[in-house]
Amino acid sequence: MRFKAMALATVVAALAAPVQAEVKVGLITTLSGGGAGLGIDTRDGFMLAIEQAGRDDVEVIVEDDQQKPDVAVQIADKMIQSDKVDVLTGIVWSNLAMAVVPSAVGQGLFYLSTNAAPAQLAGPGCNPNYFSVSYQNDNLHEAAGAYATSAGYKTAFILAPNYPAGKDSLTGFKRFFEGDLAGEVYTQLGQTDYAAEIAQIRASGADTVFFFLPGGMGISFLKQYADSGLEIPVVGPAFSFDQGILQAIGAAALGVKNTSSWSKDIDTPANAAFVEAFSARYDRLPSIYAAQGYDTANLLLSAIDKADVNDDAAFGAALMEADFDSVRGKFSFAPNRHPIQDIYVREVVQEGDVFTNKIVGTAMTDRANEYVDQCKM
Amino acid sequence: MSRERAFNLAALALLVAVPAWAQLTGETFTITLATRAVIFALAATGLNIALGLGGLVSLGHAVFFGIGGYAMGILAFHAQSYTPLTDWPVTIPGTKLMPVIWLVAILVSALAALLIGLLALRTTGVYFIMITLAFGQMFYYFAISWPAYGGEDGMAIYVRNGFPGLNTLIPIQFYGLCLAWLLVVLWFNARLARSRFGLALNAARQAPQRVETVGLDPVRLKLVALVISGAVTGLAGALFADLNRFVSPTMFSWQLSGEIMVFVIIGGVGRLFGPVAGACLFVALEHLLGGITAYWHVWLGVLLLFIVLFGRGGLVGIFAGRGAVHD
Amino acid sequence: MSAILIAEQVLNGLQSGVMLFLMAAGLTLIFGVMGLINLAHGSLYMVGAFAAAAVAAATGSFLLALAAALAAAALAGAVVETVVIRRLYDKDHLDQVLATFALILIFSEGTRWIFGSFPLFLDIPPWLSGPVELPGGILYPAYRLALIGVGLAVALGLWLLISRTRLGVRIRAGENDREMIAALGVDISRLYTVVFALGAGLAGLAGALVGAIQSVQVGMGEPVLILAFVVIVIGGIGSIRGALVGALLVGLTDTLGGIFLPELFKLFTDPSSATTIGAALASMSIYVLMAAILVWKPTGLYGARA
Amino acid sequence: MTDPVLSVEGLCKSFGALRATDGVTLDLRPGEIHAIIGPNGAGKSTLIQQICGGLSPDAGRIRFLGADVTALPVRARARMGLARTFQISSLAMEDTVLQNALLGALGAAGRPWGFLRPALRDAGPRTLAEQALERVGLGDVAAVRTAELSHGQRRQLEVAVALTLSPRAFVMDEPMAGLGSAGSQQLTALLAELKADAPVLLVEHDMDAVFALADRISVLVYGQVVMTGTVEEVRADPRVREAYLGDAP
């Protein structure tokens, strides 16, 4: 599948870019299987920005990784060896990113992450050619911990799937939660029934429940939690409250607090324009993945205007400037090339027939990440 | 059977010619694809020993593939982080040497096959299918939730492991290694099928009662077949991990077990070159159809149905006709 | 750990067990009568859940949605049986595995083609939402109690169907001797279609019932399918009674293992690694159970033949 | 009188309420053909299964070559020289006739663990297999696939496989079943020669063959041996006529 940004090269772009080398971008993301919704949003957000820019010096090649690490590696090999791309982007999942990123940046390519940003790549494994435009994986969990503390909760019951991202999430929460833990549970990855955990929560006497259960796991948990009659307030990262899956949870999610680096009601002109353009173009509301894809494309375009992609140092410096209008408002890079940004607290609300999120506060301001000092570039 | 031999020779010629052409024209990615196909062919050839000769319908061969992969991953991980595997009773360091990794992959997957076989071969038929499937899931969940080696995230190995005298980072050289292994195993497989063991195993598949009444133990024959089969598939797993420079629990997934079986069936069960033809066709389809539609699995499913329902003998059968499997 | 918590967890294990039974019963029936191993059974589970979600969205009625799930899955089963499955009865298990694996590919990607990649919404009806108080002060969701009830009712219904009706007589005859039922003048191919559709309908019903408290998405059937395999291997392939016992064993082991293993390890090591190790072992517990039962009885608890 | 090669004492086997074998006692002496006859459902197949080790009896003992083999598995009895042929041919149909015979020779040699050398190049077993095929008259079709053999030829191959085991006793389960009269005459001649190699326990429906071959006959009815005797004794016995030939006046 190939999209070529059609439209005319604008005069502005032509003036701003003294070096007009064609830039090839490889977008690897999940377009089939259970996780396809996330990848489709990433792609659509990214392509929206490219289309809006309307330039013909950027070619984007899109391929489906089927959410399988070995397929992602194979596609990356193809894009590098056969298509000769300059920049890779688009991977949703941390385990796929870990399979592709180290080897790609090792071969001198740029990788811009639209979502996954595991700790390994922020700390000792950081690289001048690797930029996370989304967040550092721990950020939203840390924000949930900070929020739970500021909301005055004293004891928390926390749960996540038993895999590395799940453990990172609980670690992130605990880093900023100052109360006590009433329970800490690792569930099976892909688990669909949470009756046992809910019973433990009921027996634990906690003030609040923090959970990180992405995708279908979160849908199942929230539906079952709502039905259990438990009134303990729940908080989680944005992944389980994404636009794509909120409709599948329905009223069970109403009122739940979640932390996010983006929300469709962030009050900036850039965000309003993005939400409107995305809704008009694709006939649905954008998700955080779409927003991050959109920002990534705009960051890339801003750097292309300033430097030659073949000049690693100059192009890296141009990216570091983050000279683009982020839909998240404030946006800059920490030294380890991960964002410094605000993390918001949102609440799930109903607008007409549609379930969506509304910002109710800011959990962390200008948060960078825990690994800056471990990164030696 | 000369037509089958002609087919085999043609397949061999392609395995040499296509990457050579790709090398000359600079189509490096075609070599990577061919390497993938050859490794899958090796894994499927392993399964074909159990399935084609022994009649063991194992839906858990990804276990061995994954074990081979993790043998590579764990050894290379310790080598690249300069930590020993264990300090007690003696210090065992990691390694980045392919021959050592291969040996470990073969031995460990053979051991796993022995243990699984001891349990699973207590049963036959449909029980055997389901038990191997369940063992696969058991390893899969273990790999996901055991934290020491990356869990669900898997492990990235930054530089491909080395082989004395070669630069394995150059695609065509690594391809050569994989092809050499495939040829060695195919040769072994051809000999095995005609050996005393092959004869007895073949009979154990067709008439287990008969084997027993001549004083042989069909279960023991099948156990040995499963061990050999698992070892070959484990070797393929180690090579696959080196191709991707990455291992993860998906190498244990039951879909992969299904796919390995698909290679064998599309190509032709019990045919020497069946798994090779099947794996090559699968990789080609994945590449070509995957480029046309994101829903290519539907068409793969339809193709598979047609082969099962109407094309007994798979690709090799279609080209070379039915005819004796052994001659 | 309080007695109430333990009682609640036992109920949870029971509930997941009876839902597994709905899946396993169809699988084991189809194997018993036709000798067919059907990997695509999980796809029929998914079909039921999607049909229920679609009908619930259109009509707002949960009961209609359940009926639709049953009907859609049974219909899909009947169609698949007529077009594909009946060509597989004479073939060996290998061909059956491959063909039904192909069906999974077609069903999964086909469903995604039709319904898109996002999970669908399906909720429990208002009249079953919320918890009820049981004797002893246990608060337990009404819907889950209803699931236990439905599962047991289906088990009873199946038993009556097989022991008391003409269809049941034919099914039993089919399990014992295929030539005999042909001699009795029963239209075998129709019997097979009916049995397959019955199994498919049960899977679809399970998909819809469980879908209401879980996520309705592509690929939801395969994890359940593998659990159902474990169930019928434990119970003995072809035995409905075995399926029931096996399903309850697996449901209870899975639920209680996940709770008690981490607690057990907390006696030996620090809480954080105890939860990790406990969870890792809990995810393997049902397979260990299966292996143990097979060492003891290679054809399962109630299995007569391999 | 010499010791029997094979003896069965008080053998019992029930399936639920059905007593398939009910206290059977019989023996097989060197150099004889001992036939077991009886109506359908008399328990002949169950008896054979127990003698060869496929089923374990509820009570009773089986002795072979002086040793108690009641608890031994099929293959252990086979290795001792108990050679069995099946009622329904049980051969590797995709393999050649020679390969099938060779399987027996390999079993007799005890070790099938050769992985690289072609089995056909093992001179010892191959000679043994070829001799056995010659003896049953299948020397010409050694290279033919077993599936292509006629029914009668498959019967002969069953015997050939048994011969490669250097048997100390044959147990034959209805070798004549499904054969035409020409076929049975040919096989009858072959069996008559075989008892020079080792005694034969013969379960057979074909009465012409039984009366032509047997030195002794045991009559099995409802799991019990009604009588054992020579051909003449059996022919003359009214109980046999009643039980077995049924409608006789």
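The chains carry the letters A, B, C and D, assigned in the order they are written, with residues numbered from 1 in each.
Note that in this section a contact is a pair of C-beta atoms (placed from the backbone, for glycine too) under 8 Å apart; a residue touches a chain by one contact, two chains touch by 3 or more.
Note that the coordinates shown come from a computational prediction; the quantities given were computed from them, not determined experimentally.
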item	value
Steps needed, at fewest, to go from chain A to chain C via touching chains	1
Of all other chains, the one whose Cα centre sits farthest from chain A	D
Pair with more cross-chain C-beta pairs in contact, given A-B and B-C	B-C
Approximate Å spacing (C-alpha centroids) for the pair chain C, chain D	48
Centre-to-centre distance between chain B and chain A (centres being mean Cα positions), rounded to whole Å	36
Computed distance of Cα centres, chain C from chain B, in Å	32
Averaged-CA centre spacing for the pair chain D and chain A, given as whole angstrom	75
Touching two or more other chains - residues of chain C	109, 112, 276, 279-280, 283
In chain A, residues with contacts to at least two other chains	32, 36, 162, 167, 186, 188
Chain B: positions in contact with at least two other chains	141, 144-145, 147, 295, 297
Chains grouped in pairs wherever the two touch, ordered by label	A-B, A-C, B-C, B-D
Residues of chain A touching chain C in the complex	32-34, 36-37, 40, 162, 167, 184-188, 190, 192-193, 195-196, 199-200, 202-203, 215-217, 219-220, 223-224, 227-229, 244-245, 247-252
Residues of chain B touching chain C in the complex	51, 57, 59, 119, 122-127, 129-131, 133-135, 137-138, 141-142, 144-147, 254, 258, 261-262, 265, 269, 295-298, 300-305, 308-309
Complex interface listing, chain C residues touching chain B	31, 37, 84, 87-88, 91, 93-95, 97-99, 101-106, 108-110, 112-113, 222, 226, 229-230, 232-233, 237, 276, 279-280, 283-284, 287-288, 290-291, 294-295, 298-300, 303, 306
Parts of chain D lying in touch with chain B, wherever the complex brings them together	52, 54, 73-76, 78-79, 83-84, 86, 90-95, 99-100, 102-104, 106-108, 110-120, 122, 145, 161, 164-165
Chain B-touching residues of chain A, taken from the complex the two chains share	1, 31-32, 36, 63-64, 68-70, 73-74, 77-78, 81-82, 94-95, 98-99, 102-103, 106, 118, 162-165, 167, 186, 188-189
